[in-house]
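See the structures that follow.
Both of the next two complexes hold chain A, though its partner changes from chain B to chain C.
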Partner chain A sequence: MNLPADKFKGKFQKTIYLTCNSFSVQGIGAIIVIVAVSTAALLAGLITVHPSNLPSGAPFTPPCVEHFLGTDDLGIDIWSQIVYGGRTSIYVGIGTALLAGVAGALAGIAAGYFGGHTERLIMRLTDIMIILPDLPLLILVGAFFGPGINNIILVLALFSWTHPARIVRSKVISIKEENYIKAAVSFGAGFRHILLRHFLPGVMPLLSVSVIRLTGRAIVAEAGLAFLGLGDPLSKSWGLILNHAINFRGIYFTPFWKWWLMTPLIAITLLVFAIALVARDLEKKINTKGVIS
Partner chain B sequence: MRKPLLGIDNLSVRYNTRGEHSEILDRVSIEVEEGGSLGIIGETGSGKTTLAMAVMRLLDKKADIAGEIIFRGKNLLGVTPKEIDAIRWSKISVMFQNSLDVMNPVLTILEQLSECIVRHCGASKKDAEKKSYELLDSVGLDRGTALLYPHQVSGGMRQRALLAMAISCDPEILIADEPTSSLDSSLKGEIIGLLSELQKKNKFTLIVISHEISTIYELTSRLAVMYRGRVVEEGVTREVLINPMHPYTRGLINSSPDINPYRDLWGIPQNRIEQKNAGCVFYSRCTQRESECRDKKPELEYAAIERKVACNRGGIVPILQGRSLNYAYQSSGMSIKACEDCSINVYSGEVTALIGESGSGKSTLAALLAGVFSPDSGTVEFNGNQVTGNSETSKNGGLQIIFQDPYTSINENFTVMDAVSEPLVISKKFKSDEIINTVVSTLNEVDLPSEQVFLERRCHTLSGGERQRIAIARALVMRPSLLIADEITSMLDTSTRANIIRMLKGLQNTKGFAMLFITHDLAVAGKISDRVYLMKQGKIAEKGSVHQVLHRIDSEREYTGSFFYNNLKS
Partner chain C sequence: MKPAGYLITLSVVLILNFFIPRLMPGDPFTFLSSDPDGVTIVYTPEQIEKFKGYYGMDKPLTEQFISYFSNLVSGDIGYSIYYNDDVIDVIASRALWTISLIIISLSLAGIAGIITGAISAWFRDHLIDRLLYSFMILFSEIPAFITAIILLFAGGAWLGWFPLSGGATPFRGYTSGWDKISDIAMHAVLPVTALVFARLGEFYLLARSSMITVLSKDYIRTAKGKGLLKRRIIFIHALKNAAPPVVTRIFISLGTVFGGAILVENVFRYPGAGFLLREAVLVRDYPLIQGLFLFVAVSVLIMNFTADMLYGKFDPRVRVS
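Right, the complex of A and B next:
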């Protein structure tokens, strides 16, 4: 999409226009969902009436005007829990993805650029990480490190960096063979210049898609850990709400699951699905040229 | 060695005009053997005609003359006016540059001829007339023309009449000043034929002053090249013209279609920088000047057998020397030889073409020369420095390589500004406004727009031709003294190719950098290059000046059923 820059008055307008043109209808819907969920999580204090950690009504209140997603077994407002829990989930998702993305990119660039032993070492490491079954190890390491939201991010990142590392490495290898790198080297460019001017801009599009995908994956993984009781009991995430709901004996014999169990489930699904859609649209844009055009 | 008939030794001439001194000749030393022939070549204003006038002692009143002109052991500058009168015309005569005003308009050709004979040879008027008619016969003029006035005859006839006058007293030395310059080509041929015929018959010593290479080439056996009152190169005519050793001589030859008619014409660019009196006269236009040349005047010294050159650097210097380079690609245990014992020289200010079929190892050799690959054995020297890795390509004023494929040689996510300024940014020696100025002026040089909008465009939005220009600009911002152009036009369409080659050759000519032009296209190589190397299967198969090699290839095509040429063309 090459439009003359002066057609738009402001940069913001141009961005909006280009976004609408670049993404499919689903993609735009997904962006709206992501923006809405993130805003809600950020402005949690403004859009909730009840506290998320204290009872504010009778237990098991079905959705009503006062508690429009109902309350749980302790009478805590579920809407508040979902909104505050979104904070944790998004924090874990983005934190994990960024950490894994940065670490993976560094490992991938090192492997791709230096080659030789460095490459062999890093690539064997990724192979090992890939064949190891994620969940049992996550449980093990999660239990070992102990609960704590930052520990969870660390643990999840540990199992996520291999994907960005591999795609970055292959991209770096292909860029490294380009004549413009030979030219830059002939001008006397050092690693720093090549990294900052050629490699990073070159891998950024692919890396960003990878990071977005990792975000979705991390949100699910965190929910899974919390669901299994390995989450941080102090920071209430969507997984933890699920965990509480499922642990309520006989929840399926009661109508409570309709609001207590379903709402966190829907929240997770909606956000992860939206992230996946955005990643898909971005990937399509990149495939032809390696550029987000 | 025979004693020279005419020896000019350290001759300096200065014209005095209103107190201003202008040095026309500066310590010129030339010798001519008896019966020999000498050509003096140079651009207008180089002092050729002044030299002839000085020999004839026609400058006495106008100029300060120093030095010696020895004719048969006698210094012509020391003799009395009476003695010189005896020598002038009867011993040394001049055929002046052809124009109406060299003849007296109120005398007929016959009158002028016989006057000359009476005055200088001491013949009676009757004998003189008889001799005049004989002379007219010998220069191929009809006797009827004798009674015409100068303005009634054509230029060619007037030239013949002037020649008749010049040889009227059987001189020992004939100085022909621009004998052919205002004539058309068939007349030129006739006059040249006439002069050499007469020289054979009358056995006079011939000095031809001309700016025309073809005339000099056909009439003379030795040649002196003059520039701004200095002899810059001297040697055997054929040798000098085929293998010039002074940048000025090369420039003259490149400006003349006579030697190689296929080649494009490129004059020597005019002064680009200030010239000091103390320095080398060619300093301001030279392609290989050094700081020393600004202050030191080079002396005419032997540079090879029978060849003298006045250059502080000893003549045209090789800027890049590859010596017995070997390189083999290693792939899965196999070793594929791409370059075997390749030696190549690129001379300062010249375009050297490296021709070969695809797969003959041209690009590998280019990469070796630029330091992109390091050779298995052999050395590459650039300006006397060993080339290792990017040692020369990262320098300002060093060596730059332009790759074949403009689509991969530039990061297409870069803006034009980023792409062109990259070498400057990497070198970290320039301020940002310097970088912007350099980029803008270089973009102008390669005929690209330099407006802000264009500078901010991403390279993937540009066409192949534009990107190749960007690649050229990126190489030029480092002000290279050697540019290696590796098949830079093979991926472009015909018209774009023509434009880019002409632009590059033009830049090469004005900026004076040397170029190694790698191509599979013989015709293109013939158009722009000075020297040619031909590669076949990893080896240098032929080398030489462009017309030699192309001539050989042409004749080979005729005799051997053209396999060679076709291979190259495809």
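Right, the complex of A and C next:
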């Protein structure tokens, strides 16, 4: 099918058409998963009956009509925990990725455009950040500064900006050599003009894929930290549910793990898979066409 | 990176390690444990004074830094409050577990990645390549500690093939050296598998793509023209040139693997540095946390540096540039 997109009446239909055309079957499935998880997290209050932090039934209730994912050792509804936990995970993921994306783009543009000492300094910094082990430093900061969710985002972003920065830098270097940039400069275009009109649109496709990937990585990193007991205790995330479940004595010898441990495990895996699939599809599209249409 | 780069990185590590406890908001010693399973510790005023004296916080910052640095040079990285022992000794008693876990799983993942990558490249676009490719892509996205939990429940609890936790059976009198080795090996199977799975996809993808590039080169066509066996072409001619990128990646990923090992050790309660780190966090043993951070960062730096030095010997192309 190669219908021109403007044959469609509504903007919505056009978007749907373009999406279906740009992504593989798995990619579309992945988008549905991401949209579903985000909606569930956004509308958490509407789709849960029980509170996510107070007991609402007998401990260790297996999945039933009242608690359709069961309850944990304190009788807290697991479905509510998963939905509200999704909020934390997505907030950390998107927060980190956007912060790192903006910082990385700025650093990359500065390195690529100005060159010289600026470039050397920024590239040296990315070298250092790549070698430094991120989890131990995260733990160090978490242990000393307290496991606040914003601290976690900040430190994760501190470790994540290098990837977008490197991509943006090499793209900017290649754009800089194009004749239209030289023409624009000879017509008196300033840095601001070139940045907004040429660099940003040029790096946007690659940058967005990098940001999507970082979202997935940040969600995993937060889950890992929370699993170690360094998550924000006030905003229960999927990793923290895992932490509680696996530290429950004798969980292996009881049937509780089937609903208590498996649900956060499946939730993390599903979301991370979905994000990776979307990033991969977009990457393929950029590699074949050069732009996202 | 040049040696100077490593020196700069090392200084960054040391400076971070010095400043993080001192930049901490509020009072470090009244910070309560936030972990629900943790031991809540409230220090008495005398203890707080003692710790402040320990950190030398009553002296000016420059003086603190000088004494911190001179202590480091003499090998004194602090005194563990909880274990009542020098931090360096506490870490040394656990380090071997973690380091062997990492070395074994990285080598296995590297070898498996290169072999599967070579198979995939040779059968490019056949069914076997497609199956391997989609399987690996999926697997490369699952973080090590999730795989570890799944393995723990499948291999340890459900099938009962492997021990659930620990690095060796406690209080077991070994009848022979072999008995001891096999006991330790059985405990290591699941953690190693989890770490291998976490890295395998990445190495496979890299090996596959570099193999595909190499296989299109003229000397491979010559080898085919000479009528050499497929096996020989892949494993003798192509592999030699396709392996270096994977080896480099193995060393670059050391920092990440250390992170993965910390989490995996905690899933299996494996008695390495990662499990120690969590214990230290639970009891808020700050000198120990700092010492462990220093240990991991310096080990990663040393291993990367060694790799950089060795790499020039293996690949003459690097030496020239």
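By definition in this document, the second predicted complex is superposed on the first by the 286 of 293 C-alpha atoms of A that agree within 3 Å, B and C clash if a C-alpha of one lies under 4 Å from a C-alpha of the other, contacts with A are read in each partner's own complex, and residues count from 1 in each chain.
Definition applied: a contact is a pair of C-beta atoms (placed from the backbone, for glycine too) under 8 Å apart; a residue touches a chain by one contact, two chains touch by 3 or more.
Just so it is clear, the model here is predicted, and its values are computed rather than measured.
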Task = Quick one: on chain A, after the overlay, do chain B and chain C clash, or do they fit? Just give me the call.
result = fit
Key: Contact breadth on chain A, by residue count: chain C or chain B   = C
Chain B versus chain C as contact partner of A:P201, first or second or both or neither = first
Ask   = At the CA centre of chain A, how far apart in angle are the CA centres of chain B and chain C, to the nearest 10 degrees?
value = 110
Ask   = Which partner does A:G188 reach: the first (chain B), the second (chain C), both, or neither?
value = first
Ask   = Which of the two partners, first being chain B and second being chain C, lies in contact with A:G101: first, second, both, or neither?
value = neither
Ask   = Now for A:G70: first (chain B), second (chain C), both, or neither, which partner does it touch?
value = neither
Request  = Using the touch definition from the top, say if A:R124 reaches chain B (first), chain C (second), both or neither.
outcome  = second
Query = Between chain B (first) and chain C (second), which does A:L265 come into contact with in this model arrangement: first, second, both, or neither?
reply = second
Inquiry  = In the overlaid three-chain picture, which partner chain does A:G27 touch, first (chain B) or second (chain C), both, or neither?
reply    = neither
Remark   = Rounded to whole Å, the nearest C-alpha atoms of chain B and chain C in the superposition sit apart by 13
Remark   = Interface residues of chain A shared by chain B and chain C, listed none
Inquiry  = Using the touch definition from the top, list the residues of chain B that touch chain A in their complex.
reply    = 370-372, 390, 393-394, 400-401, 403, 405, 408-413, 418, 422-423, 425-427, 460-461, 474, 478
Chain B-touching residues of chain A, taken from the complex the two chains share = 2, 178-180, 182-189, 193, 197-198, 201-202, 289, 291
Ask   = Where on chain C does chain A make contact in their complex?
value = 1, 5, 8-9, 12-13, 16-17, 20-21, 24-25, 28, 31, 34-38, 137-138, 141-143, 145-146, 149-150, 152-153, 156-157, 164, 252, 254-256, 258-259, 262-263, 266-267, 277-278, 281-282, 284, 286, 289-290, 292-293, 296-297, 300-301, 304
Task = Please name which positions on chain A make contact with chain C in the complex.
result = 124, 127-128, 130-137, 139-147, 216, 220, 223-224, 227-230, 233, 242, 244, 246-247, 252-253, 257, 261, 265, 268-269, 272-273, 276, 280
